[in-house]
C-alpha cells in the first residue's frame, strides 16, 4: 500500500539508500584496505593479499578470535536457556514480586557497561576469582539475558495459553507441555534471541576489556590494544572475514525466521 | 461463612501452591542467581570500594572514607567531564533519533516483501561486524590524506586537505554510526505494528501528512523511540573507546577518566566513586523519563 | 464413564463471589447443560471440575473420589475449549493422538484409536491436514475427537458452538448429541444459549450470579420455572403481575387469570398478596375478533384484550408485540396463514389456565 505521493515515497527510498551507504562506509573501507598492499593505508589501493597471509601467522589474533567465538557460543547457549526459562515463568504465572523480578532483569541495559565491567573486575578480584574467559562468560551472559527475555517475551505474547491448558487436560505433564507445545511455537523467538545473544557477546568490548587477563583476550580487546600500539592491517583482514561469515550465517538463518515481521 | 479473603481449601492450595512455587523457582532461579553473582554483588562490592582510601591488597591498608566522593564535588574538572559525557549522550541519542526514525518509517511502511526483509538484514548486519574495526575504519576515512579527503578532491579538484580526526564531531560521527542501528531496529518494530487502517482512517478524516505523523505515528511508535533512546544513551554516557580513538586529546570524558583509574592509575576507589556518581545521574535521567516509560508499557 | 458430584462449592476472586455454595449431581452417561448469562459462574464451575481453578470451599467428586488435590493432567477428563485450542504445530492425527502419546501408548494402538475416533466424528481422511487448513466445523470435530480418544471419565465442553455460524451450529448440536449417545460418556456442557441447552441436554442447570437457580430435565424446567429468572432466561415469558385472591391472579385492570402453581415453585397460589404469573408466547392464541369468546374446549380460557404494536416476521414464524394495560405482551405463532395483522389492530388473546404458571417473584 503506497503512502502519500510517489514523490515522497521515492525520496524516502533515496534517504534509506543514503543511510545504508553511511552504515557501510567503514565496512567497505575496511574490506578494501584489507586488500591494500600498503601498510600505511596509502591511497590509491594496490591489490594484495599479503595481510591475509600474515594473518595465518598472527597467533595472537587467531587465538583471540577463537576465544571470542568460544565465549560467544557458550554465552548464547546459557543466556538463551536462562532467559527463555524466565520468560516462560513470567508468561505462565502471576506471583508476588513478579514485577520486581521483571524490573531486575534490566540493569544490564540501563547501567553503562563501563560500570558493570569495573564492578565485575572489583568483585572477582575481591573473591579471588580473577580475570579470564570464564569471568567474561559470566559477564556476557548477564548482558545478553535482558535481550533474550525481551525477544522471547514478545513472541510469547502471541501464544495462546489455552493451548497449554488443552495439553494438560489431555494428561501432559508440565515438562511435556513445555517441550511439545510451547517451545515449538516460540522457536522463532528463541532463535532470534540466540542470534542477539551471540551478537552481544561477540561484539562486546567493554566488559571483555576489563576482564581480560594478560595473554588471554577476545578479538575486540586485541584489536583495541593493537590500535593503541600501532595498527597492523591483518586486523582489517580478519574483520572482513568475520563480517563475511556473519553475512552468510545471517542469510542462512533468515531462511527459517522472517526477520522483517510476519506481514 | 462470608470471608473477605479466604484461602483456597487447605489441601488443594498446598498441593498446587507447592508445585507452582517449585516451577516458578526452577524457571527463574538460575537466571536471577546469575544476575546476582554478576551484577548485583559486583555493584555492591564496588560500592564498598568507593568508600575505601586505597585498594586493599598486599601491604596496603585501607580505611573508610568519603574523600573519593568529595573529590568529585571539589574538583571542577570532574564535574565538567561528567557534564560533557551526558551532553555527548544526549547529542548522540538525538541524532540517532532524528536520522534513524525516518529510516525505520520508510522501511516499515513503504517497502514490502522480500526487499523489506533484505534491507532489514542489511541494517542489522553491522551488529556482527566488530565495533572497534568500524571505529578504526572511520579514522582511515576522516584523517588527513584519508578516504574522505581523497573523495572530495576527486569530486572538487583542488579541494585541499581535510583532517577531521581528533575533533568532537568525529566522536559524534563514530558513535552515531555505531548506535543508530539500535534506534532503527526498535522504531521499526514499533512502527511495523501500527495498523495501516489507523493511518488510513486519520487521512479519511482529513488529517494532513504532518498531522498524521505528529498525532498518530509518533505516539504509537513511542515505545520504540524510548527503547532505542535508552539503549543508546546509557552506553554512550560511559563510553571511552570511541572518544579515545577518534578524539585523541579532545576525547577526554568521564568514561576515559574512570577507565584510567582501573587500568593505568590503579586508583580503584576513585574510579568506583566516579562510577556510582555517574550511575546515580543516569538513574536520575531515567527517572525523569519514567512517566513516559510507564505510559507505554 | 463416571458420575460427578459437586458439593457446597464456593469460589471467590478477591472479594467477588463467583460461586456461592453450589451443589450438583451429574449422572453417569447423561448430557448435562450448565446454562446462564455471562458472570453466572458456569465456566468457573466447569474449570473447577477440570482442575484449572480451585474452590475456596466444598468438594468435587469424580466417581466417588475427591479430586480437589488432583492436578488437571491426572484427572482423566476430556475438555473441548471455546476456541478449540488445536495445536498449530501438529496435524490432525498428531493433535488427536496427543493424549495417547503423552501416556506412552504404542504407535500401532495410537493409529488404531485415532482412526476409530475420527470415524466417530466423521473426519476420516483428514489426518494429515493442519488446523489452519480446516473449517470451523471441522476444527470443532477435531477438538471433540481429541478429547474423546483417551476414553476419559467425563467430557467437559466450554461453549464449543459459540464460534460457529447458525446453520453449522444447528448441525453440530445434533452431531454432538449423537456422538455423546454413541459413546455414552458423562458430559457437562456450558452455554449461555438456551436453545442449545434445550435441544441437547438430558438435564439443565440454570446459574445466575453464582447460584444454582433451577435444575431438572429441559421440559420440566421449561414448563415449571421456579422463579422469574428461570421463566425469563429459559425461553421467553409474558409476566403478569397482580394480586392473588382465592388461587387466581387479579390483574391491574380487574381481569381474573386462572393459574396453576409451578411444580417447582414456592408458595405461589396459596396465600393472598401480590403475585406474578408467567405465560409463554407460543401458548397464546391471537384473534382479530376482540369479542371472540368462543371457547373450543370445555375448560374456560384466560382472555385479554389488546392492540397490535408491531410484528416480527422470521420466515416460518411470526411474533406480535401487543399493547395491554401499559405493558407489552408477546405472542409467537407459526406462519400458517401468511396474513399479517397491521399495527393498531385490536386483538383478543386467549390461553389455557394450565399454561399459566404462578412463579415466586424472586
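Here the chain labels run A, B and C in written order, and each chain numbers its own residues starting at 1.
As a working rule, contacts are C-beta pairs under 8 Å (C-beta built on N, C-alpha and C of every residue); 3 or more make two chains touch, one makes a residue touch a chain.
Everything numeric here is computed off the predicted structure, so don't read it as measured data.
The greatest number of inter-chain C-beta pairs in contact is found between A-B. Of all chains, the one whose CA centroid is most distant from that of subunit A is C.
Centre-to-centre spacing of subunit B and subunit C amounts to 59 Å, using the average Cα coordinate of each chain. Per-chain Cα centroids separate subunit A from subunit B by 15 Å. Rounded to whole angstrom units, the spacing between the C-alpha centres of subunit A and subunit C is 57. Within subunit C, contacts with two or more other chains are made by residues 71.
Annotation for subunit B: no residues touch 2 or more other chains.
Put simply, subunit C touches subunit A in their complex at residues 50, 52, 71-74, 76-79, 81, 83, 85-89, 98-99, 102-103, 146-147, 150, 156. Subunit A contributes residues 1-4, 8-9, 12-13, 15-16, 19-20, 22-27, 29-30, 33, 41-44, 82-83, 85-86, 88-89, 92-93, 95, 101, 104-105, 107-116, 118-124, 126, 138-139, 141-142, 145, 174, 199, 202-203, 205-206, 209-210, 219-220, 223-224, 227-228, 231, 235-236, 239, 242-243, 246-247, 250-251, 254, 258-261, 263 to its touches with subunit B in the complex.
Put simply, subunit B touches subunit A in their complex at residues 20, 23-24, 26-28, 30-32, 34-35, 37-46, 49, 99, 102-103, 105-107, 109-111, 116-117, 119-138, 140-141, 145-147, 150, 177, 180-181, 184, 189, 192, 196, 199, 209, 230-231, 234-235, 237-241, 244-245, 255, 258-259, 262-263, 268, 271-272, 275-276, 278-279, 282-283, 286. Within the complex formed with subunit C, the residues of subunit A that make contact are 160, 162-163, 165-173, 176, 180-181, 184-185.
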